[in-house]
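To keep things simple, chains are lettered A, B, C, D, E and F as they appear, and every chain counts its residues starting from 1.
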Amino acid sequence: MFYHVKELQYRAKPERPDALYAKKLQEILGGQFGEISVALQYLFQGWGARGDGKYKDLLMDTGAEELAHVEMLATMIARLLENAPVGDLEVAAKDPVLSAVLGGMNPQHAIVSGLGALPVDSVGNPWTASYINASGNLLADFRMNLTYESHGRLQAVRLYEQTTDRGVKDMLSWLIARDTMHQNQWLAAIAELEAKENVVVPSTFPRELEKQEVSYTLFNYSAGNESAKGRWAYGTSMDGCGVFNYVENPVPFGKKPKLKPAPPYIHDTPLSVLRTNVHPDPDTM
Amino acid sequence: MFYHVKELQYRAKPERPDALYAKKLQEILGGQFGEISVALQYLFQGWGARGDGKYKDLLMDTGAEELAHVEMLATMIARLLENAPVGDLEVAAKDPVLSAVLGGMNPQHAIVSGLGALPVDSVGNPWTASYINASGNLLADFRMNLTYESHGRLQAVRLYEQTTDRGVKDMLSWLIARDTMHQNQWLAAIAELEAKENVVVPSTFPRELEKQEVSYTLFNYSAGNESAKGRWAYGTSMDGCGVFNYVENPVPFGKKPKLKPAPPYIHDTPLSVLRTNVHPDPDTM
Amino acid sequence: MFYHVKELQYRAKPERPDALYAKKLQEILGGQFGEISVALQYLFQGWGARGDGKYKDLLMDTGAEELAHVEMLATMIARLLENAPVGDLEVAAKDPVLSAVLGGMNPQHAIVSGLGALPVDSVGNPWTASYINASGNLLADFRMNLTYESHGRLQAVRLYEQTTDRGVKDMLSWLIARDTMHQNQWLAAIAELEAKENVVVPSTFPRELEKQEVSYTLFNYSAGNESAKGRWAYGTSMDGCGVFNYVENPVPFGKKPKLKPAPPYIHDTPLSVLRTNVHPDPDTM
Amino acid sequence: MFYHVKELQYRAKPERPDALYAKKLQEILGGQFGEISVALQYLFQGWGARGDGKYKDLLMDTGAEELAHVEMLATMIARLLENAPVGDLEVAAKDPVLSAVLGGMNPQHAIVSGLGALPVDSVGNPWTASYINASGNLLADFRMNLTYESHGRLQAVRLYEQTTDRGVKDMLSWLIARDTMHQNQWLAAIAELEAKENVVVPSTFPRELEKQEVSYTLFNYSAGNESAKGRWAYGTSMDGCGVFNYVENPVPFGKKPKLKPAPPYIHDTPLSVLRTNVHPDPDTM
Amino acid sequence: MFYHVKELQYRAKPERPDALYAKKLQEILGGQFGEISVALQYLFQGWGARGDGKYKDLLMDTGAEELAHVEMLATMIARLLENAPVGDLEVAAKDPVLSAVLGGMNPQHAIVSGLGALPVDSVGNPWTASYINASGNLLADFRMNLTYESHGRLQAVRLYEQTTDRGVKDMLSWLIARDTMHQNQWLAAIAELEAKENVVVPSTFPRELEKQEVSYTLFNYSAGNESAKGRWAYGTSMDGCGVFNYVENPVPFGKKPKLKPAPPYIHDTPLSVLRTNVHPDPDTM
Amino acid sequence: MFYHVKELQYRAKPERPDALYAKKLQEILGGQFGEISVALQYLFQGWGARGDGKYKDLLMDTGAEELAHVEMLATMIARLLENAPVGDLEVAAKDPVLSAVLGGMNPQHAIVSGLGALPVDSVGNPWTASYINASGNLLADFRMNLTYESHGRLQAVRLYEQTTDRGVKDMLSWLIARDTMHQNQWLAAIAELEAKENVVVPSTFPRELEKQEVSYTLFNYSAGNESAKGRWAYGTSMDGCGVFNYVENPVPFGKKPKLKPAPPYIHDTPLSVLRTNVHPDPDTM
């Protein structure tokens, strides 16, 4: 259950409106790695967590915080949109900033949301739950969380570079710091789990059931052997269970597949038509 | 540029058709963490890589391999669908397996693809590029890749548990082994980059520009302090640049936001209407 | 900013697992009118509200509550999935319930979420922000909210009819009651705004700027005049500003449009090709 | 069955081309509340209507009209795009209007549709049927219809403010007037149904089956009690069946949920790993 | 402008309800090649047609007809859903047909649409405008139309095979016949345009501006030379402007690309990190 | 299985960066008819092909080639984005080109991909598998392929017109030439299949099972009889099996449908409410 307080986690006030930047800032609100993504991803992972209270609590702590970040960004975007120009381009043509804003702002900020934030990314794609995941396997999930905080901080930093507004930069410096913490915390949780299990997810599948002869092999499917120089091509594998090896000229292990004709009720191209061109494929598996 | 050979990387032949399992197997072909996702993600990361040949080559090696996995799964699914029952339920009612298949198979396997694989997941959602990412920052991207191989192997293992078909299990044992390698290789590449940079992505943003006082703080936004027991709540941070600390009762750092009214041309609820209920909000920031 | 407590708003425990019902119940979690929709819709409306504290507070109160409903449903679904059968259909064939479950459950509940809830609807479509809206105009938004609570309660009631599990029914009876309240509350807020403004949204657009001769006219575009018998076809209009009238045989007010040819750089079908068939269209506007 | 006449319901001719405005105008053609949405929503509601001819006829009348509005907007957009500049930005740089148009127009209007309207919104999202609904419950559906006409008119009014073109304004004044009618007509139909049933949808669910002790309660989940001042917090409820009450400090009614571990074949984080941190949670429900 | 009559173009009445078949039949209503697709595709092509009345009229004739087909299918589906079982699986377990239906029907048919048709395909994906196109180039568009009628008829035929209901088959026999006509009509229109222009779309691009040395070349990128036996590998090309030729061992025409490093404000992996592994790539273009 | 070589099929190097054009060029990379679409469509058709090696080989040849085109476009776009301006609009205002670029470029090219190509179209919609199809019926599929090459070449030509950069034009002249070949090759394959089967897809459905009386009829559903002048309205049909005929005033063949009320557990509008308005509909079928 959730309680809301009206105060923001941190202030979200720009020096001046900037409708074009408002559009860009949508990316870390409603984009793939935006705050809606992390909020809902952590909450769903927490709600689905079967077991230890420590990890579940961490997920719920952080999920609740990310909701506060959605709120901060929604507030900032609404303020960046204040007095957004929405008028006729001919009229605005004398002011180059104005005409670039008219050309570049997200028109839905005026037409749809009435100068409020939208649950969309910087090009206007609506947020979709296909961005997120909660699998029940904490190591897999925490890796995804680390990924999202890495991309999230990267995008916040890129946005920091794209403005001179001190109010915006102030808020971003908060979000970037929190992403630093969240990367650190998922790294800590991952380290703990990797120490207890193994680095390969899931750790519970019996290794003898996998085709172990190719579990540590790098196949060189792209010409050139620069990749042979990497740590992944020689020495003990990262999971400590094997030795990396490199295959310069990989060949197929399977045969050429040949599918049986479909039954008549499927109405594929009839075999009689194909048969006029048929030639033997003796090597098919 | 790509060359194709007709032989499969590894064999993909079930013991017997199983239309319901064909539907499930679609998950690791066209789902969020399926082979289309990793193939296109690695290729886009490789095509966008600005710089070192080693990492780019690794991306292209693996991207090309994942295309071969798409091919294996497409072949397997087509074979699992052979002779799929598509008829009238009343007629099939006498055979419980048949009627469960009729109820449970993906109807598009008969109507749309004519007993071939579809570029969709196990419930029929078409694959979407919103699943994937290539950011230009290799550490961020390799973490995403590790995530996808972790979830991918997890899902392959879960599917392994859901069949007794030895042909299917044989193919899955190959894919699971390759996921073992790919987790290992991204772990190796990540370790290399983390050693050269820092564990926090991006490593190039000056730390003094972030709000460092909250860069290592765990805020307890979910009642209960189980999360205080984790490695993330005390001791040196994972990036070696700070000390974790835990705030049991976090308070807001910002004030209650108050937005200015929208201009008249936006046609929000008019202020005159709202004003009849207005009461002072002196504490807003 | 949000605080979370671990306790549920209301209990969410089924009598027994039921994987097929878990799939259905996803509709009111992650469907068009599900709890994610209302939670995020109310929060975005609240965050974007420019003005009166009373309405904004109501939106935040209710938005926070809906998050608690997402949590209850996620918990219930995870419990309904406990021990879900995921095995081989041939093996399960002797038990008709088991085989129907295997045919009918959402395969992602086993493969993707590991027996947890998914942010999807009852057929597996991921939740999308294109379901929701926050316009800045409170009357328009509250009508949308009333709509969502109406459909939400309708769907909860339909789901109530589809189970005999007393634990599920108990939880649904809570959600249905809350939907009763939420319909009532939006009705109250709508009545207040309609009394102050007018029933037509937006109330601020000068009526003389619209084509008033058709502002109260029902055009009979579907043969048969049953619709002439409705209140909407005669008498004073609901906004009190006009009189409804009914046009049995509506004719066009515009002319046949004729578009100019596209410029050559667009490479449409060339005019020379079309011209061989040209015939005069003198009546185009 | 449908018949088409070539004449437009009302004229749709701008004074001059304006490719940027063409992009914006797409919102009320192919956006969430655009004409495609209302056309298909009313038609699907009409086709699914089980019963009274009066409501069904009204739905079909209005659905057919909305198709005419799609046609008007498609025509207007095609004309606004005539002679759209699509060339090189360097060349256009001397004309600020031209360069703003080149920066701001929807590139698909040139590349994809060849200067015709697209079935998309103002940022280019393709229209999706997830916008609409037909539930079989007329009161729920008519509320949705009223919502769509409210948002539709709001957006048309906002677009009216964003142009000085008299031809565009003329067409919009028609659409705005029709939205006035359609809001009025759904209000009339709603009033009729509410009088016969009850304001709570669905009216057919026995009230004693819902958890009536919370059917009229406002829980204050967002700090601050401004919402206590609203009509929804005291007095007889809008459905006449209860009395609103306000709970300032709501507490949970449920307990902390604890989920059982997943079975081994799901390969979640193994319990042995979690157990090293396990601590008792005696109060879980 | 459109007029609707209540009568159906052709009857749409099944012998008996069949909720599972109703789900399947959704494919040709709301799927990729369903009736919504063709209706809106033809109408958008007609509305965007710049020029000849003959083609535009044909598009509008057929677009209006397809709306009538949507109506027939919506009616048929609603009837197939009558008395759909929606209850408890345990209760239904004694009847294998019932339990297969409960497992296999689209749950939204009960929960969302109240036993009406949905604007979705056979697995529940909402119809999306990304299925369709109107380009302004009639030959390109008519080829797309021919494609849609080909796939549409194929799917209708496959559905015909999957039922024994004479009412359903009767309606499908109508739709299949109309698809026969529509394939014929687009073939006729295509033949006319190809005769006037050329078979290559667009015909207006000067051939000397394309890299003509590869305009008739088949590159053998997939090992094995079966494709050398096709008409496309030798002889005069279909457009009469060249001679097909076959390249058995195609080599790259370009060089290995090398991208410049990104500017610092993008925060990619820093060059200093990459440089430790740098090795010369002299052959890049 | 696939092998990759680092060299490009053809060079992809612009004369100068152009971030706005990079956005546009995304259309033929990740749009509906872009290279991802054709690559995956041909590969899925090839993998699903049941039968003749000639057609399957052609599909795999061309599918592999289209992957090379994705690579060329990704390379070109990354180069067009080099040094893209991403800064503050106020600062850039003195340079009209710069401000138009800032207004018009895809913000995700800076924030998300770090100046690399994205798997999206020219307005930023992520590529989706709902664009493509593989049906198992080769004639249907080859018609779809011809359509995609027609639209693909049309869009490439339109993009050729929108730049003066000789490097871009050079690459486009290659792609346009390849589209010429691919249109020719699918035309050749179609001609071969049409000669063996019949022009109507699928050719295997017994004609006597369709409602043949309307298999060659053009119904005039859009007022005006321009369409009567087309080849499709008279003479022998294209399939040689019938004679086209034209019906100027088409009437319904079906009756007005009347649906039975839904069962009570669906909670539609209750019949008692509707009944107060009921009037007889004696003519319903």
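As a convention for this text, a contact is a pair of C-beta atoms (placed from the backbone, for glycine too) under 8 Å apart; a residue touches a chain by one contact, two chains touch by 3 or more.
Since the structure is predicted, the reported quantities are computational estimates derived from the model, not experimental observations.
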For this session: Based on which chains touch which, give the shortest step count from chain C to chain F.
Result: 1
For this session: Round to the nearest whole Å and give the separation of the Cα centres of chain B and chain C.
Result: 27
Exercise. Where the centres are mean C-alpha positions, what is the separation of chain E from chain F, in Å?
Worked result: 7
For this session: At least two other chains touched by the same residue of chain C: list those residues.
Result: 1-9, 32, 48, 50, 53-55, 60-61, 63-65, 68, 75, 78, 86, 96, 99-100, 102-104, 110, 112, 114-115, 120, 123-126, 128, 130, 133, 135-137, 139, 154, 157-158, 161-162, 202, 205, 221-222, 224, 226, 229, 252, 259-260, 262, 265-268, 277, 279
For this session: If you connect every pair of chains that touch, what shape comes out? Choose line, ring, star, complete or other.
Result: complete
Exercise. Which of the residues in chain A end up touching chain D in this complex?
Worked result: 1-6, 48-55, 86-94, 96, 99-100, 102-104, 106-108, 110-112, 114, 120, 123-126, 135-139, 193, 196-197, 202-205
Seminar exercise, completed: The answer for chain B against chain C in the complex is residues 18, 20-21, 23-24, 27, 31-32, 96-97, 99-105, 121-125, 155, 158-159, 161-165, 221-224, 252, 259-262, 264, 266-271, 273-279, 281
Exercise. Of all residues in chain B, which touch chain F in the complex?
Worked result: 1-9, 30, 36, 40, 43-44, 47-48, 50, 57, 60-61, 63-64, 67-68, 70-71, 74-75, 78, 112-120, 126-130, 132-137
Seminar exercise, completed: Interface with chain A, chain B side, in the complex: residues 5-13, 32-33, 46, 53-58, 60-65, 68, 72, 75, 78-79, 82-83, 86, 110, 114-115, 125, 128, 130-131, 133, 135, 137, 139-140, 143-144, 146-147, 150-151, 153-154, 157, 160, 169, 173-174, 176-178, 180-181, 183-185, 187-189, 191-192, 199-202, 205, 209-222, 224-227, 229-232, 237-239, 242, 244, 252-257, 259-260, 262-263, 265-268, 285
Exercise. Contact residues on chain D for chain B in the complex?
Worked result: 154, 157-158, 161-162, 226, 229, 265-267, 277, 279
